[in-house]
Amino acid sequence: MKLVMAVIKPFKLDEVRQALTDIGIQGMTVTEVKGYGRQKGHTEIYRGAEYEVTFVPKLKIEVVVPSASVDKVIETISSVAKTGQIGDGKIFVLGIDQSIRIRTGETDEDAL
Amino acid sequence: MKLVMAVIKPFKLDEVRQALTDIGIQGMTVTEVKGYGRQKGHTEIYRGAEYEVTFVPKLKIEVVVPSASVDKVIETISSVAKTGQIGDGKIFVLGIDQSIRIRTGETDEDAL
Amino acid sequence: MKLVMAVIKPFKLDEVRQALTDIGIQGMTVTEVKGYGRQKGHTEIYRGAEYEVTFVPKLKIEVVVPSASVDKVIETISSVAKTGQIGDGKIFVLGIDQSIRIRTGETDEDAL
Amino acid sequence: MKRTAYTLAAALGGLALGTLLLTGAAYAQTPPAPTLSFNKADDAWMMISTALVLMMTVPGLALFYGGMVRGKNMLSMITQVLAIQCIVCVVWFLWGYSLAFTEGSGLLAPFVGGLSKAFLSGVEIASKVETFSLGVGIHELVFVCFQMTFAAITTALAIGGFAERTKFSAIVLFAILWPTLVYFPIAHMVWFWPGPSGIATGVATDTAGFSWQLGALDFAGGTVVHINAGIAGFVGALLLGRRVGFGKEAMPPHSLTLTMVGASLLWVGWFGFNAGSNLEANEYAVLAMANTFIATAAAGLSWMFTEWLVKGKPSLLGLASGVVAGLVAVTPASGFGGPMGTLVLGLVAGIVCFFFCTAVKSALGYDDTLDVFGVHAVGGIVGALGTGIVVDPALGGAGIVDYTKCEVANGAFTGVCGALDYNMVSQVIIQAKAVLMTLAWSGIGSFIVYLIIGVLVGLRVSEETEREGLDIGAHGERAYNQ
Amino acid sequence: MKRTAYTLAAALGGLALGTLLLTGAAYAQTPPAPTLSFNKADDAWMMISTALVLMMTVPGLALFYGGMVRGKNMLSMITQVLAIQCIVCVVWFLWGYSLAFTEGSGLLAPFVGGLSKAFLSGVEIASKVETFSLGVGIHELVFVCFQMTFAAITTALAIGGFAERTKFSAIVLFAILWPTLVYFPIAHMVWFWPGPSGIATGVATDTAGFSWQLGALDFAGGTVVHINAGIAGFVGALLLGRRVGFGKEAMPPHSLTLTMVGASLLWVGWFGFNAGSNLEANEYAVLAMANTFIATAAAGLSWMFTEWLVKGKPSLLGLASGVVAGLVAVTPASGFGGPMGTLVLGLVAGIVCFFFCTAVKSALGYDDTLDVFGVHAVGGIVGALGTGIVVDPALGGAGIVDYTKCEVANGAFTGVCGALDYNMVSQVIIQAKAVLMTLAWSGIGSFIVYLIIGVLVGLRVSEETEREGLDIGAHGERAYNQ
Amino acid sequence: MKRTAYTLAAALGGLALGTLLLTGAAYAQTPPAPTLSFNKADDAWMMISTALVLMMTVPGLALFYGGMVRGKNMLSMITQVLAIQCIVCVVWFLWGYSLAFTEGSGLLAPFVGGLSKAFLSGVEIASKVETFSLGVGIHELVFVCFQMTFAAITTALAIGGFAERTKFSAIVLFAILWPTLVYFPIAHMVWFWPGPSGIATGVATDTAGFSWQLGALDFAGGTVVHINAGIAGFVGALLLGRRVGFGKEAMPPHSLTLTMVGASLLWVGWFGFNAGSNLEANEYAVLAMANTFIATAAAGLSWMFTEWLVKGKPSLLGLASGVVAGLVAVTPASGFGGPMGTLVLGLVAGIVCFFFCTAVKSALGYDDTLDVFGVHAVGGIVGALGTGIVVDPALGGAGIVDYTKCEVANGAFTGVCGALDYNMVSQVIIQAKAVLMTLAWSGIGSFIVYLIIGVLVGLRVSEETEREGLDIGAHGERAYNQ
């Protein structure tokens, strides 16, 4: 099993979720994060005090999938989350040793 | 060392933390996340505009533990976080290469 | 490639980001988290109802870097985020199988 | 609770209500109105007072209460308050005003009015009602509106006792039944009287309100509003039982910012409530304002300093609660006491309410969500009894007005009225009787109302809804998105 | 839209404006003012009413609207409202008051005033204007301020139609041009008349406002404020097009808490709006207050219960929208109807507006961000037509005042005025004509205003700014930091 | 700072205070009160004005300030404001009113009053004070309340200079000592005078307030409230030093939404402040209202447009700050200037304050957390000097009233008063002197107060508490949970 961790633009969430569901992914976990990268932030000024806001809002999607599905998942996210503009985000893949579904105690791929 | 990453129902946090403390775990990191899975969300209607809210609030707990403790930790979380109803959550285990405690520079199991 | 995951004190973020930029790191992802550890929380009282707040606010920084840079990154974070007081946080290192830049489709180290 | 028990009680309750309305309807009649002088300044003052009391409820109380609940129940809390404001407004115009402020009949006359003014029949554009000054009138419709806002806020106050777990349909029914069975009668008992002209011309007072006949003093509604709401909320809290997780999970207020805003707007609006209750913009209204400042400030500080001493830190929730406790306590005394007397009354109220909301509450273990008992019932009782003390002219109070001795010239109130002899001990005893009457009627009446609601729609949401939050569960909306 | 089309239209519009101002300036003259009696209570009432209407706009409307937008546009929303309040205030003092409330000249006279009081020239500290009572005056400066708050809130209401996508520079221009071309003329048409003294002494009424000459009734601005703002917002919504993601992405209100606070403050402030529109603290102001309570409560409930039936859950946004719909609908009727009539008016308004904001809106697919059409235009039309019904004395209404039959003694208004014969059908027809006039003028005038703005600075922000949010994009600030 | 230095200064300060109180107590005496006519409309107006000024402080100022601090200090900010409101209220009733508004004795008489009315002794229910119209009175208790709200808001304004780092115990002491040593004397200097009757009958004016004797004009408190608070806050900011991380870490306002709400409520309430300061509901109150509209709108816009030009974007914080700057600047001029004059005054104030809050502040590097210096002191000075200009009848101002020439008939103020000859240059010089007096007294007095507090409890929290936030550190609560 692999953990596919994707950082995307927030307004793409619903499309990505839909696309993943369409290829049979049944679960994922999403976190609001702040990203730093090539995409520049902006300047905020409060009564003369200027702040360089270097972080931009992003969403992090974590999906654990059977190793066999990794490529399809990457492809799906890549194509749907892409706008072609700086800041579209990244996908990282990590190895997973075990999975457990708390409700039933099922393990590994059964738990996904 | 392993990273045990559990997604649970928010109101279970205090019990889980207590149970982990009881088996000797001294640190953990918790993130508010939104989960998508078998547990259905709900519909919200704002002046006629209906939104299917497919994500439900969850908490993600991350605990890094010596490999030897992994089973005990999984068991503890599993039993305490379980309500038996859909949406109880998952536990994933990942491998950890190194750990460092910033304050002291201690590494690996000493750093936990 | 490795994922360096650091839990630090919130007010250290800007310094850490700056220091990482200085050593050539061009991207990172930050999450607001709650930490449990040796650093104690505090008590809140609302009209006689006392709550022990055991979690303290922390920031989690995730940076994916080429394996070769890991040590430098750890060192940088360690030195900048350190105040010497309990609660300075931890650094964990995980292995990364793949990286993809969504915008361009570049992979692995090119994607960072 | 058993459904069968409910059914029986509801049937009885319904019967009682029906009878009450009918008898009222059958015999109600009002004495011929005296010719009243009129000053636009009084109408202006009463209109603005009315708007201020509306502001106390929405957004004031909605925020004060809403800030204290958890985020998942915020929307439900403020929806309930706004819905109550709307429902009670309609109910008041249809039959509430009549039940509270017309003469009843038969044995029930001292307890509830009739239906002669139901649907505001007979309330014309030019109709006036007499103020507390002989021969001085204000237009009746502004009095109708002003008193409506009291009925609404009292009903909204009560639901604080069982917040975060009650069905919305139960709240809707409550907003219809509770005022009808409990509030309108108590308002009638305390505030229905023949007016200065009636007293001066010696009309019979045997159909006046029960508490008024006792001689109880309640300037702006200590018994009618606060003790009444406090007991109703308390009975509801006991009947519904504790919230899921109470005592185990942390349930901190989701926004003390909003609670502070609410407390502040309550204070601002309370000048309409207290000084407006004088019905005229004269020196007694001004006195009520001064007392509403000093007692409130004193109670806020006494709660805060007590908490600082006892718990180690002065909290905002404590300070704001003290402010509200002071407002509650000074309500019945506001137009009667002197500033130095009410300052002391405020100090006492802050400490006593602190004690009830912390020590007593945790000792007894009931889950009165927003401390409507500890603040409103207890503060109201302190105020009602204290009124008997601070009204004493020897302590700087205004004494009890002798309405046969007020002078009016050119349609304007010309000076301070004469005062009756004052006996503090006997007045405090009278005050205690009025408190007991309120406790009894409100306690029993509210109990009956809950039984009826329980039978009709049930009181409490499912555990699942309670966990998820009433916002989504009952209203399909969230208070905040991001 | 094409820039060239814009340019042409703007040139024409500018020309028209210039002419209008010039002709006004050239011939304007006012009749000699009658000697007016004065009661401090009226000034006091008008000052507080004015403050209340300011509170409706800031913070009331800012929160009502702001709560409904997404968090990333919150700051932009409330900045726009506050800026409009400031701009319209200045514009009003400089030329708006004069265009609305002085006599115009020539053929345009029934449609717009002149510039004789531009820069408040001739408005002295001691100047008075006549109220609706023969010979009764209030100080002119308070009338100037009171009416200014109406111009400001109307302009701010309109922008709800195209929220979350408009350039701030466009809003600034809108706040200057729209009142000048649309609001001031419509206010003139409805409210400029010779006053009771003029009527009683039989002065010529051919330079009075167009709608007033028709005989249309609009107590507090149903046409001037609500239909007008509703249409302007609607035209803007159509011209600017839908928001990016509309219909695809979820766009839930970021804080219904704030929306509820806004709705509450609107209600509280609306007593200044409606009862203040009586210009005097007498029984008609009191009547306006009573109607503003009951119609509002009824509309809130009828929307809520309809939604509960149709959609399965009673929502806060529904209840709050109903409250506002009720306030809108009762506005033109508030000083004329009887409480039972306006109760029904409120019930109808709540249901009709619900229907327009849900079924009609989604059927037609326009993106009127904050439903300024569904609530203000539709509610305003229901109210304007309904006014023709509820004013009927046979239904408990106050009838139409015959200003030649009001009595005044000692400078004070002494009683209810005489009433003209009332014909409901013909009055409803007159009301319909006034509605149509408003629809036409506001629709066309607003269209011209948008064209001019489009040429000068453009109306809509870039898609990127819209995605990121107007807060950062237009103001370099965020509403919330954590 | 050294503890020893503190101790000495505190001892001296205490001594001075004691003497001041004693001498005041020993000799104070008031002249026999004239018979005053009374109009209920004035009491009504003053009551509502008082409620409005309370609303300025809580929740207005609490939100305006609270929104600008970081989330971790929000609860502490609003707790401080509410606690100050309570403490100053009690202090005012006990000795503040007497020190400000009774005659002092000996050399100190022009600087501070006596203790003859301490504990409100002699302030009866029927007591009246004279307004600015000959022979016209309002009830003294409403004057007491009205003036109390001024003392409270001034004290609360001052703490903005050293927000986010001050101990709560220090704030509590500040709320007792600062009004006593600084505010009450300055209020006495500016506003204690023999009244129209005194002037008309030629009583000696050598015990009148120092600034009043100078001939300085301050309608509603430009010197007393704004310059005073601004300097006090500034001195505090310098003494306490910068916040941890100032200039290095980002410290954005946690909720500009709340700041905007606060600014709006300040504007709404300011009509009570300015128009209420007229003490009567007549044309001068109306004038004050008009000026408070136009100057405020102008200043909001001039700040916004200046920022737009200079910084590239028009910000909400800028607009809101401009609004407050305009309110501050127009305060002393509100009842004197004409609308076109105060419009210009507002434009100037917005630009000057912008310059001070941005360029000057960052050049000098002081950490005046909420810009109480840049907005209140600077805006106050612009207003105080500008008052000398706009009051000129040649510029549409009201001139200076000649109280020997006001007419009263039937107890009502009958018309515009006569005016003294006006010399703009000499008046501006007088205004400058009054400003300097305020700067000196407030600067030195505040310094002494901080020294005393430093000795008694210390001024600043630990760095750790500052990092964690004062909410948890000082109050054990958080403003928001989720």
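A, B, C, D, E and F are the chain letters, set down in written order, and residue numbers restart from 1 in every chain.
Methods note: a residue touches a chain if its C-beta (ideal position, glycine included) is under 8 Å from a C-beta of that chain, and two chains touch if they have at least 3 such contacts.
Being a predicted model, the structure only gives us computed values, none of them experimental.
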Between the Cα centroids of chain D and chain E the separation in whole angstrom comes to 35
Between the Cα centroids of chain A and chain C the separation in whole angstrom comes to 18
Averaging C-alpha coordinates per chain, one finds the centres of chain A and chain D separated by a number of Å equal to 54
Residues of chain A that touch at least two other chains are 31, 44-46, 94-95
Multi-partner residues in chain F (2 or more other chains touched) are 39-41, 44, 48, 250, 252-253, 311, 313, 315, 317, 476-478
Contact graph of the chains (line, ring, star, complete, other): other
Contacting chain pairs, sorted by label, are A-B, A-C, A-E, A-F, B-C, B-D, B-E, C-D, C-F, D-E, D-F, E-F
Contacts from chain D onto chain E in the complex sit at residues 39-41, 43-44, 47-48, 50-51, 54-55, 58-59, 62-63, 66, 74-75, 78-79, 82-83, 85-87, 89-90, 93, 119-120, 125-126, 139, 141-142, 144-145, 148, 168, 258, 474-482
The chain A residues in contact with chain C across the complex are 2, 6-8, 31-38, 54-55, 58, 60, 70, 74, 77-78, 81-95
Residue set of chain F touching chain A in the complex reads 250-253, 311, 313, 315, 317-318, 321, 357-359, 361-362, 371
Residue positions on chain B within touch of chain C in the complex are 3, 17, 26-31, 64, 94-103, 105, 111-112
Note: in the complex, chain D contacts chain B through residues 245, 249-250, 467, 472, 476-478
